[in-house]
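Below are two complexes that have subunit A in common, paired first with subunit B and then with subunit C.
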Partner chain A sequence: MIDRNKVTPYLLIAPAVLVLLFMVGYPLVYGINLSFTDMSIYSFLNPSYIGFENYTAIFTDPELYTTTLRTIIWTLINLIATVSSGFLFALILNRKLPYKNALRVLMMLPWAVPQYIAVLAWRNMFQTDFGTVDILLNKIGITGISWLGDPFWTFIACIITNIWLGVPFMMLVTLGALQSVPGELYEVGEIDGVKSWQKHWMITIPLIKPVMTPAIVISTVWTFNMVSVIYMMTSRTADNETQILVSRVYRDAFTYFNYGKAAAFSVIIFIILAIFSSSIIKAMKGGEGVYD
Partner chain B sequence: MSKKLNRVLSLILAVVFGVAMVLGATGCGAKQDAKTADAPKAEAAASDNKSEVKKEEVKPVEIVFSEFDDPNVFKEDWWKEWLSGFEKANPNIRIKRIHNNDNDIRTNWQNQVAAGQGPDVTFAPHDSIGLFATAGTALELDNFFSQDFYSQLDKNALDAYKFKGKIYGIPYRLGNAVMLIYNKKLVPEAPKTMDELIAKAKELTNAPKQYGLVYDMVEPYFIMGYLGGYGGKVLDDDGKITLDTDAMKKMTQLVYDFKYTHKITPKEANSDVANNLFKEGKAAFTICGPWLFKQLDDAKIEYGLAPIPKLADGDMPRPYSGAKVMILNPGLAKNKAKAEAVKKFVEYCNGAEQQLKMAKMVSEIPTNLKALEDPYVKDDPKVKALSEQLKYAVPQPNVPEMRAIWDALKSKVALVMAGKLKPEEAPKVFQSEAEKLAKNLGKK
Partner chain C sequence: MISESFEKRDSKIKIIFMYIILGIVALVCLYPLLDVLKVALRPASRLFSTDLNLIPEDATLENFKTALFVRPYFVWLKNSLFVSVLSSIVGVGLSITAAYAFSRYRFTGRTAGLMSFLLTQIFPAPMTLLPMYVLLKNFGLIDTYAGGIIPYIATTVPFSVWVLKGYFDTIPKSFEESAYLDGANLAQILWSIMIPLTLPAIGVTLLNSFMAAWNEFVVANIVFTSESMQTLPIGIFTMTGAMSSDWGIYSAACILTAIPVILLFISMSKVMINGLTLGGVKE
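== the complex of A and B ==
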């Protein structure tokens, strides 16, 4: 006899599992499979298995390591900037402020603009002589920065744009988390003689952690895989000095049609991100509820 | 809930997100190719059967074509009218149109055809021919159409866009070569030599209010003519990349001098900046192609056209010319009914009347011999100017390695223009970069 109590839960999650298998499982398996083939334009319709050749080619390319390092720098700077300024703005907006709602809408605007348009607008603003950024810099005496010509500055321009795009999300999540912190706790803290900055450290942060951890993880993954900002800022051709891992994958796949190598690259990125996500969640004990 | 379950759940969530993100960036392509290995045959066979059934019942055959023309110029209604003529004459063929932008048209075609699907015909820039033919995603056409059909077309154009001696794309519109466009208010007559142009441009530069010369300084396409003018080529006869040459050095020096020595260009300009400056009357000369004409007409700028003038220590510049070509799905080889319908459609598109209609929209040149006799080609000043420039133009090579050459030049010429790389050292860097990038193609 089948124990009903044991079967029911599985039946309940079955639709979700099926969707996941189809949407995530199948492409994942297909992608991994592809990474062991030599599918490129020279063998596009009949690729053959070549074992780990794609992987050895990737790992023996010295550029991989500089690109990985750049990707980590890119992710860290973006993350630190978006989380800290998102947190700061959320703290400000969580207070009693005149025109709070209007401010909130303003702060969220970058998120409402389609990314594609936002990046193109930023690209125009970074134009030498005719762009807003350069005009402002020229006014305060800083001249001669070739934002879009010099790979170093292009990379900085990408970071600035991405931070601008990323802050609203962090702010929104933090604000939501802040609003769920019961006010009584602060009152209790005051009675217990907790100083103002200690309040944030001892009450706010532990209480918003369960919300912030997944938000930070998601945002890390997004930033790590942010292909559109770099792709569009560099007018579709990122120089090797502005490339991050995922933009390389994009280039290998869709400019050079080397699907085998691009798939291998994707698998590597996937492993990096999987290790990162699970370890950060473990480290922050983010999976645990506050009241467990 | 227990801690353990929570932790497990969040782990799963994190992994799922990770996977979704990576696949979001790269997997879409993979998904579409899922059926590469054996599906095409099965599907082709299936559709073969289907179409035979269709034939018996005289059900209309539907053929799909994709195009990449500027939707601001080729509007929905224009297409409808253009296609209605064909559908009226062929009541049992239905045409479905798909629009792509010029970037996606290659990727979509590659992925869809590899999966045994995709449009039956695609309009494409001719440099896709090499890519598609190498990948096996273009039907070889030498015997697909009758000699009668080919004899109606300009043989030179047909030959210019062959790949390894075979026809994979039917050129239906020529143009795309950049030429000299000058503001008649500032420059009454086109300069005869590059030195004249530079002198005149210097005279008329008053940055940032007015510039002598503006052009897209991001895409190397706009400067490649100088390379040819100095006698250089990006590939040798065996298809090897040859960027480290004296001609390349001269080309780089010339564009470097435009900015740093003569100071006749803006510090930076992409095509938007360049075109806007010219449209606002703030530039004397620009280097651009026929696609700009409509914008200039709309902006009511009085402009003149001429070939890019002769270089001081070289020849006439030889910009790349490009054709728009029609490429067919290799799946058609196994589907006779559809192939017949597609044949009719392509023949219709390449008839004198239809080619002319299309070419007129963008001031380009048809390839149908009868259309070439039309007063439009002979008398239209824009077309005449374009033909004049085309005399010096060379077809852009269409081998897959071109991708690597463009990418290498684009990023490294940018370094030269940013003052980070000396023009005399640049060719070596171009060469090694292009060779490195070409490895991404995965040729063994």
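== the complex of A and C ==
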């Protein structure tokens, strides 16, 4: 590097850091403080400190463990489905195909549509007897799936909706990454006799890793923290067996107004998520550039 | 002629197979929106129908008229546009400089800084919401545009920084080094080398930031309290209450809200493709 001024990098990151300190740093500390109080709708102005009481209440509730397991299943299914199909579609879209741009625009729609509209559209489609999904299933002889009544099927419906929402983003990030891979590398690979599937394994994936790692990690966190899909899909039934950790916190905070307990729950989720995503980063080994 | 528009070694079967996959996926992506359109076009009397026709026989635009002119739809539209455009431009601007620092400089606190950017995304939103509200209230930012714009910047900056840093990492340092030798300063290098080379990534982050603000509901709901300040999601949501959740009118409003975003997507995607065809990224 030719510019060796030690202050420059700090000046460059300062604006972003300030906004984050103001909007995330402070609320975070205040939130941790909140988790040791009994703040609720009844004691909003003068909450008192109750030590670890919120935490013991949460850890002694067996729901915590089943909900955590469900959250991990939710995250993994969504992640595997969006990354693998995003990669597949991006590979196809990266080839020369007439009219592919028109198709690509259609495939971006789930990302373009406001989330609250998309979830309500899907909820409408999952309605028993009158929803499109049920009408189609009835036509091929599958009847009696109560998508929004049975907690198991509601969870499946949420997963389908969330995958639908998540694929375009992965597809576009992958496509962007693929287009920065120099074509010459494949030509060299061909001379060395590399087969088509090996080509992707040995050339494409290592090269797009630096771009994909942050996208995958952040998408993991988004999925883990997805409130709106589950909250909107289940607002009628609000069944414990459909909830993931974050949607439970949301319900604790904004339906039951148990701010202290919800804050403690958030701290626990934060720790689980930190462990979860750092293991993913380790598994993918790094966000550093291949040209370093 | 035709053979030149496909990859040289793709067989006919492979090409057909790829079109089938893309066609099915495109249909699955489009259908739920057509479903909303169907409900919007349907007269209120036929809400429960097993009709699969996309355009109902007795289609009417009555729901669209009510959605647009009975409620201040255009005020919400203006608010949404203002908040989304400003927060995405400022947010991506901050992210470009930060991402450049993280990509090109080795400084004390670099790794910790990168990790804490990521950690901000990890914290569950319901928890920061209440303290954030108290803070905004203390600064008198409730029911102002800034009260929405600042939180939106904070939510999208970490993602933008990570994506941009990843792209900057793939650009060979030799590009800037030769520019430095020619006497360019940091601002010139960012503006005339890094930004043009990373246009696709900047497009993706701009679009993502715009989308995040345009679709945001939870923060907007507590910040924009008066009707003249409300953004589209809040306005549409109050619509379901005021008119006893009439799905037809609600769906019509949804369609009208989704259209500008979809148009933006289509126009932006052209810019993104042009950026992507740049040969400069290849070494």
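Note that in this section the second predicted complex is superposed on the first by the 275 of 292 C-alpha atoms of A that agree within 3 Å, B and C clash if a C-alpha of one lies under 4 Å from a C-alpha of the other, contacts with A are read in each partner's own complex, and residues count from 1 in each chain.
By our rule, a contact is a pair of C-beta atoms (placed from the backbone, for glycine too) under 8 Å apart; a residue touches a chain by one contact, two chains touch by 3 or more.
Not measured: the values here are computed from a predicted model.
Subunit A is touched at more residues by one of its partners, and among subunit B and subunit C that partner is C. When both complexes are overlaid on chain A, the residue A:Leu28 reaches subunit B and subunit C alike.
In the superposition on chain A, A:Ile142 makes contact with neither subunit B nor subunit C.
With both structures placed on the common chain, the touch criterion links A:Val188 to neither subunit B nor subunit C. Applying the stated contact rule after C-alpha superposition, one finds that A:Ile73 touches neither subunit B nor subunit C. In the superposed model, A:Ala112 lies in contact with subunit C only, and not with subunit B.
Of the two partner chains, both subunit B and subunit C are touched by A:Asp129. By the touch criterion defined above, A:Lys261 lies against subunit B but remains apart from subunit C after alignment on the C-alpha atoms of chain A. Of the two partner chains placed by superposition, subunit B and subunit C are both touched by A:Pro214.
When the two structures are aligned on the shared chain, A:Ala121 is found in touch with subunit C, with no touch to subunit B. Comparing which residues of subunit A touch subunit B with which touch subunit C, the overlap comprises 20, 23-24, 26-28, 30-31, 34, 124, 129-130, 214, 217-218, 221-222, 225, 227, 246, 249-250, 253-254, 259, 262-263, 266, 269-270, 273-274, 277, 287-289, 292. The touching residues of subunit A, when paired with subunit B in their complex, are 20, 23-24, 26-28, 30-31, 34, 38-42, 44-47, 124, 127-130, 146, 148-151, 214, 217-218, 221-222, 224-225, 227, 235-240, 246, 249-263, 265-266, 269-270, 273-274, 277-278, 281-282, 286-289, 292. Those residues of subunit A that touch subunit C in the shared complex are 1-3, 6, 8-10, 12-13, 15-17, 19-20, 22-24, 26-28, 30-31, 34, 88-89, 92-93, 95-98, 100-101, 103-118, 120-122, 124-125, 129-130, 132, 135, 164, 168-169, 172-173, 175-176, 179-180, 182-184, 210-215, 217-218, 221-222, 225, 227-228, 245-246, 249-250, 253-254, 259, 262-263, 266-267, 269-270, 273-274, 277, 287-292. Touching subunit A in their complex are the following residues of subunit C: 5-7, 10, 15, 18-19, 21-23, 25-33, 35-36, 39, 48-50, 52, 94-95, 97-98, 100-105, 107, 110, 113-114, 117-132, 134-135, 150-151, 153-155, 157-159, 161-163, 165-173, 177, 180-181, 186, 200-201, 204, 208, 211, 214-215, 217-218, 232-233, 237, 247, 250, 254, 257-258, 261-262, 264-266, 269, 272-273, 276-277, 281-283. Contact residues on subunit B toward subunit A in their complex (touch as defined above): 1, 3, 6-7, 9-11, 13-27, 29-31, 33-34, 36-37, 40, 103, 107, 110, 114, 131, 134-137, 207-208, 218-219, 266-270, 272-273, 400, 403-404, 406-407, 410-411, 414-415, 417-420, 433, 437, 440-444.
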